[in-house]
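Two complexes, one shared chain (chain A), two partners (chain B, chain C).
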Partner chain A sequence: MKQEWKLFRKNGALFTLSLPGILYLFVIAYLPMAGIIVAFKDYRYDLGIFGSRWIGFKNFEFLFVSESAFVITRNTVLYNLGYMLIGTAASLAVALLLNEIAGRLSRFYQTVMFLPHFLSWVVVGYIAYAFLDAQSGFANQALQALGLPPVDWYFDSRYWPYILNPVHLWKSIGFSALVYYAGILGIDPDYYEAARIDGANRLQMALRITLPMLLPLVSILLIVSTGHMFRGDFGLHYFIPNNSGLLYGATDVIDTYVYRALRVIGDFGMSSAVGLYQSIVGLGLVLAANYTVRKLNPDNSLW
Partner chain B sequence: MAHNSVRNSILDSVRIPTHNPVRNRTSHRAANIVIHLFFLLLTLFIVLPMLLIAAVSLTEEKLLARNGYRFWPESFSLDAYRYIFEAPAIVLRAYGVTTGVTIAGTLLGLLFISTIGYAISRRDYRYSRITTFYVFFTMLFSGGLVPFYILMTQYLHVQDTLLALILPGLLSPFYVMIMKGFLDKIPPEMAESAKIDGAGEWTIYSRIILPLSAPALATIGLFVSFILERLVQRAAVHRQRQADSAATAAGPNSQHDRLPGPEPAIRRSAGHRRSAIPFAIDTHGDGHRRHGADHVHLPSVPTVLRQGIDGRSHQRLRGFAQAGQIPSPDRTLNII
Partner chain C sequence: MNRTQRTRIAAAVALCATMAVSACGSNNSNGASNAPSASQPSDSASPSAAAATSSSSPSASPALEEVTLNWYYPQPSAQADQAAIEEAFNKITLEKLNAKVNLHPIDFGDYEQKMNTIFAAGASDVDLVWTSNWSFVYSKNAEKGAFLSLGGLLDQYGKDIKASMPDFVWTDVTLDGNIYAVPSYQVAAKRAGLVVQKRFADKYNLDVSSIKKLADFEPFFEELKKNEPDIVPFAINNNFMISELYGIVQSGSYAYYKDDPSLKLFTIYESPEYKDHIELDRRWYEKGYLNKDAATIKDRATLIGTGNAAASIDVTMKPGGEAEAKKQFGGNDVIFVPLTEAEFTGVQPTMNAVSRTSANPDRAMMLLNLINTDSELYNLISFGIEGKHYTKIGDNTIRLIEGSGYSPLTNWVFGNIMNGFLLEGRPADTFEQTKALNESAKVRATFGFNPLLDDVKTEVAGVKAVEEQYIRMLAVGVVAPDKVLPEFISKLKKAGSDKILAEEQKQLDEWLKTSKK
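Showing the complex of A and B:
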């Protein structure tokens, strides 16, 4: 004990240095973890977290018995899979192509692609509205100009998977392409020089050097995103469909559902049950994904 | 522009001839055209939606009702903007709040991130592993929104204050990991020799580590706040210029000092492959790897993660450390 105290004294300065971060995380991240018990309680404002009554798994029942449980889980997972696969493939392709061109134009493309990243989902929601509004929207004007019947976009859920995926890509491609592009710039130029001496062409270099060298980065980012598989993008799924009730079947994700439950019913217990469910499944998915990747190739795993 | 042509001609002369240069060059050009076409389409895909909303904002109200949203309005009107600026107080206040929150949040966040990142990057720190886990675990598991909301409103009572905007995003474990990845590359000898000279941990952190990690801090700060982007960029460009002159002065070919500005071709010919800091804002409009130094257009996670402080400045720092000579804060600042 005395020994340990001595060691602590020796490391005290560094510990003090890390103390602000530790305290911050304790308050912001670890205290709410204790609040998870709300998921097993009938939470009441006046009684607080610890005064409220224990009700076991009732809150979970409420979610899983409701008809929406299947729909919102399916939507969340499928959309996230779509975003993940389309986003990764597209931004990898863009990064590889960016790497093939030099000069001012390359910089221009990067800047342009990055622009939507600065917009909030609320603004993007208005942009989508300018396209999709039934009367004045550009999409319907274009359809009519082509002699096709207009579509009530905000009343017809069929089209929404084909709207949300491109919108997500539109907003995110610049950032993720840039992450991969930066990864490419980090590759040692010697590989390319050696390949060039051996007579490799650009395609061969892209596929045989750049892509394999990027693989660890790709796999790490994918592992991290599997952890968010059960977390819907609230902004995207709330503002782009304009919170239109008729679209819930195709656009509602767990997060938007919880938000409405919290706002309309004011049920804290159920909402935090959903939060706990997302956290646990997310943790499980990250562990599983990392385990799988580590089995395949330890270099590509997160830890 | 002049730099570019100089650089390209030097590069062309050293380029290794391939089997059939003539055929190669034509196919090369054709491929380039296809790639540029692709990016042209992509640019349209990105820009057109934003143009539409800009056009709508410039269209007269009446026309919107009659014609709908169009890319090219029949007549332009600034009414919408006039409406906003009739009461500029609201807009100005909003911008004031945004800027204030961003600046305060970024600075505080960077302080938290860099201190804890530095502590866990020190291999001789006894609690490095457990602290790493402590930070990293919050990335994998969270209490969820509701307990967080209850905490903020019922216990911390920050609702309806600016603190509610600043507090939640100060320290992301992801950024701590980036910071650690960067700091791992700083040779431990630096801290050790400083300690021998009697510097405490706080001095080492504030006088050596903090200035050295400016690139990583800039990157993370950029992520933490995009509002501050331009300021940070300018700072980074400025620092890059300083770095270049310092690097050239320290390098073997100090006669290049006289040449203005950072010159990748010359640095390359002097055997400098990487810029003195792992990333820098590209000052030439050309960050292509094979055509010069490693300038990345926007500071980025993986670059900082992968390169940290690159080999050359590594050696330079090691040199200082071995000579038992700690660069004075001013000197260190100059290097960065």
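Showing the complex of A and C:
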């Protein structure tokens, strides 16, 4: 206790800086924890959270007894894996390239890539529609110009893994590349100087210095993202496929399924149950991933 | 259930949690302080309120202390002149009720979700809230305890509304012996049929009298397809089965044959009639009568608005509705081709309730009473300000000013439509026609039966998800019924449709026993 107090005294300024963040987390993430109880209740407005009837795990049932349980779980996990791996690889590559081109041009690229990050999925959905519309979409016009038959994109699920992955990448790459780029800027220039004196070329410096130095950052971000493994990106999977029933086999994730099942009944207990389930599995995955990383290399783990 | 929404719900839950904790302590004092304040004005208020509405003498209002009311209701889209309307609205309510009313319009698409969230968060500032049987559902929310029972309030402050509507209106909104909402009286009967552009009906000699069912339109659509390459013969975006045409009464997830005295329920998607219908859909899709993008567009209003759709479906066909339909069809004249007899649908499609959390329920009821009886107030919120948003062209008929900053066209949200103006083009006797239709319409055998499906909610959720996946694509013909329909039915069964049906049948049998007496 005394030691901790000392630590606190020593880093007082830093703790003060983190105070708003801690407060934010406390209010947004920890205070509502008590509300988890709703997941086990038949919630009524007039009885309130604590007065409502306790019904155990009944709220969870609908997610697991459904025919689609397997499909939506598989889709959620596989898509998230895809987003994670493709996203990490691509944004690392972009960050390395950004580092190589210095000056104004690099800032221009950053801005251009960052822009989609601010678009809502609804807007992106319309952009995608402009590409994929059966009659007047760019994609079909291009196909026809090449003498190929047009494709009914919204009716054929085969293409969708190859559509959703790039769309996700397009929207997210600006942000994650920026994170890695900032990581690169934080690397001590002395390493590069020493390497240059030893005659290393740029590729060697990128592969032997930049990448290894970024590894802890990469692994931490990967560990954190495993926590979202069971959360489908609702906006992406609802708006980009235009909620077309024919595509569910390839696009349906837990979040879109839950939306469909509960939109009309609007049961708070059942939606809280899904959130709780996803959070607990996510926590388990984060712990497991962190444990694995710590076994491999303790320096790269989150804690 | 996207992430922001979940955070919002989480935040709401947090609020609830903290409030519940603090409410435990303050509830008593709150109730104590509320009780006198609620009863105190009521002694003095009831005569003054009556005076305010009948003679509207300004001297009567000072007896009421000034309060603020919050009214949540839906609108089609944001209105540029909302602030001006609110100001004018408040001028009247301050004078007559000494109440300031904050209007909270919410877009239709978001209404249910937002109200659910607001009520989950405790609905602390809601006094009046719009509800219906199709969005922010009345029976469900009343059952969850969202609304105040209006019995006493209606007798005390709502005498005028109570007298202004026929008795069946009040029977229809009674749940378990309590009235929780004041309906906005409008057409309470529906006839389903097709809306057809007059220019095409005339050009291709559509003989309306010979048309009895959907398939009778085929020769007409065929002509259109052949001769009008730019026109979509029939614009749809979802299921358009008119079950009455097949002698079936459908309500939610169950259905029964109209002439079956035992009222044996079945799932409509398993019936041969449904199969017939989607085979027709498929045929029409393949022949090109339907819009190709029917499976992916969110609504058909855009397509219809271009004037390039020759016909579409309408499930209400209210008297004089051609004037509005003309607007929707890009200004082209239309005719209604009703295919069914008028059926009584009740008044639940649009109502306003008092929130259980309202701090001034008596004043909220006075406002409801006022808006249902005071034409000035009602017309203001329904149509805007004269000269700015509409011009009067007859005693009770108005013409909307094109492109003005206020035209929600939802007079049925706010109150009794017979209290307000008629839109240009509607026959002068529209309200008489409406009343006559309401009173002559046939009442279905199960009218007033609302099954409670809490015990099978797991199955309900599963079935809903399956329905959302299949109904639309079968309805718009993009898939072959012989392959997809069996798959749909088997998934419904696996999700538990039979269990829901059994529960509904059980409740229906009990309901029949008690309601027949």
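Keep this in mind: the second predicted complex is superposed on the first by the 272 of 303 C-alpha atoms of A that agree within 3 Å, B and C clash if a C-alpha of one lies under 4 Å from a C-alpha of the other, contacts with A are read in each partner's own complex, and residues count from 1 in each chain.
One rule holds in what follows: contacts are C-beta pairs under 8 Å (C-beta built on N, C-alpha and C of every residue); 3 or more make two chains touch, one makes a residue touch a chain.
Bear in mind the structure is a predicted one, so any value in this text is a computation, not a measurement.
**Q** Which partner does A:135 contact after superposing on A: first (chain B), second (chain C), both, neither?
**A** both
**Q** For A:35, decide between first (touching chain B), second (touching chain C), both and neither.
**A** both
**Q** For A:127 in the superposed arrangement: first (chain B), second (chain C), both or neither?
**A** first
**Q** Tell me the contact category for A:262 with respect to chain B and chain C: first, second, both or neither.
**A** both
**Q** What is the contact status of A:282 with respect to chain B (first) and chain C (second): first, second, both, or neither?
**A** In the superposed model, A:282 contacts chain B only, not chain C.
**Q** Given the touch rule stated above, what does A:62 touch, chain B (first), chain C (second), both, or neither?
**A** In the superposed model, A:62 contacts chain C only, not chain B.
**Q** Is A:49 contacted by the first partner chain B, the second partner chain C, both or neither?
**A** In the superposition, A:49 contacts both chain B and chain C.
**Q** Which partner chains sit in contact with A:84 here, chain B, chain C, both or neither? Use first/second/both/neither.
**A** It touches nothing on chain B or chain C.
**Q** Of the partners chain B and chain C, which touch A:211 in the superposed model: first, second, both, neither?
**A** Touch status of A:211: no partner.
**Q** Looking at chain A, which partner touches more of its residues: chain C or chain B?
**A** B
**Q** Across the two complexes, find the residues of chain A that touch chain B and also touch chain C.
**A** 27-28, 31-32, 34-35, 38, 43, 45, 48-49, 133, 135, 258, 262, 268, 271-272, 274-275
**Q** Quick check: in the complex, which residue numbers of chain A touch chain B?
**A** Going through chain A, the ones touching chain B are 7-8, 10-11, 13-18, 20-22, 24-25, 27-36, 38, 43, 45, 48-49, 94, 97, 99-107, 109-119, 123, 126-127, 130-131, 133, 135-138, 140-141, 170, 173-174, 178-179, 181-187, 189, 192-193, 196-197, 199, 201-202, 217, 224, 227, 258, 262, 268, 271-272, 274-276, 278-280, 282-283, 286-287.
**Q** Considering only the defined contacts, which chain C positions touch chain A in the complex?
**A** Within the complex, chain C contacts chain A at residues 1-3, 6-7, 9-11, 13-14, 16-18, 20, 23, 112, 116, 119-120, 123, 140-141, 144-146, 292-293, 295-296, 356, 454, 457-462, 464-466, 468-470, 472-473, 478-479, 491, 494-496.
**Q** Over in the complex, which chain B residues touch chain A? Could you list them?
**A** These residues of chain B touch chain A: 4, 16, 18-19, 24, 28, 31-32, 35-36, 38-39, 42-43, 45-47, 49-50, 52-53, 56, 64-65, 67-71, 111-113, 115-116, 118-120, 122, 125-127, 131, 134-135, 138-148, 150-151, 154-156, 167-168, 170-171, 173, 176, 200-202, 205, 226, 273, 279, 282, 285-291, 294, 296-298, 300-303, 306-307.
**Q** Can you list the chain A residues touching chain C in their complex?
**A** Interface residues on chain A, with respect to chain C: 27-28, 31-32, 34-35, 38, 42-50, 58, 61-62, 65-68, 129, 133-135, 154-155, 231, 234-235, 238, 242, 244-246, 248, 255, 257-268, 270-272, 274-275.
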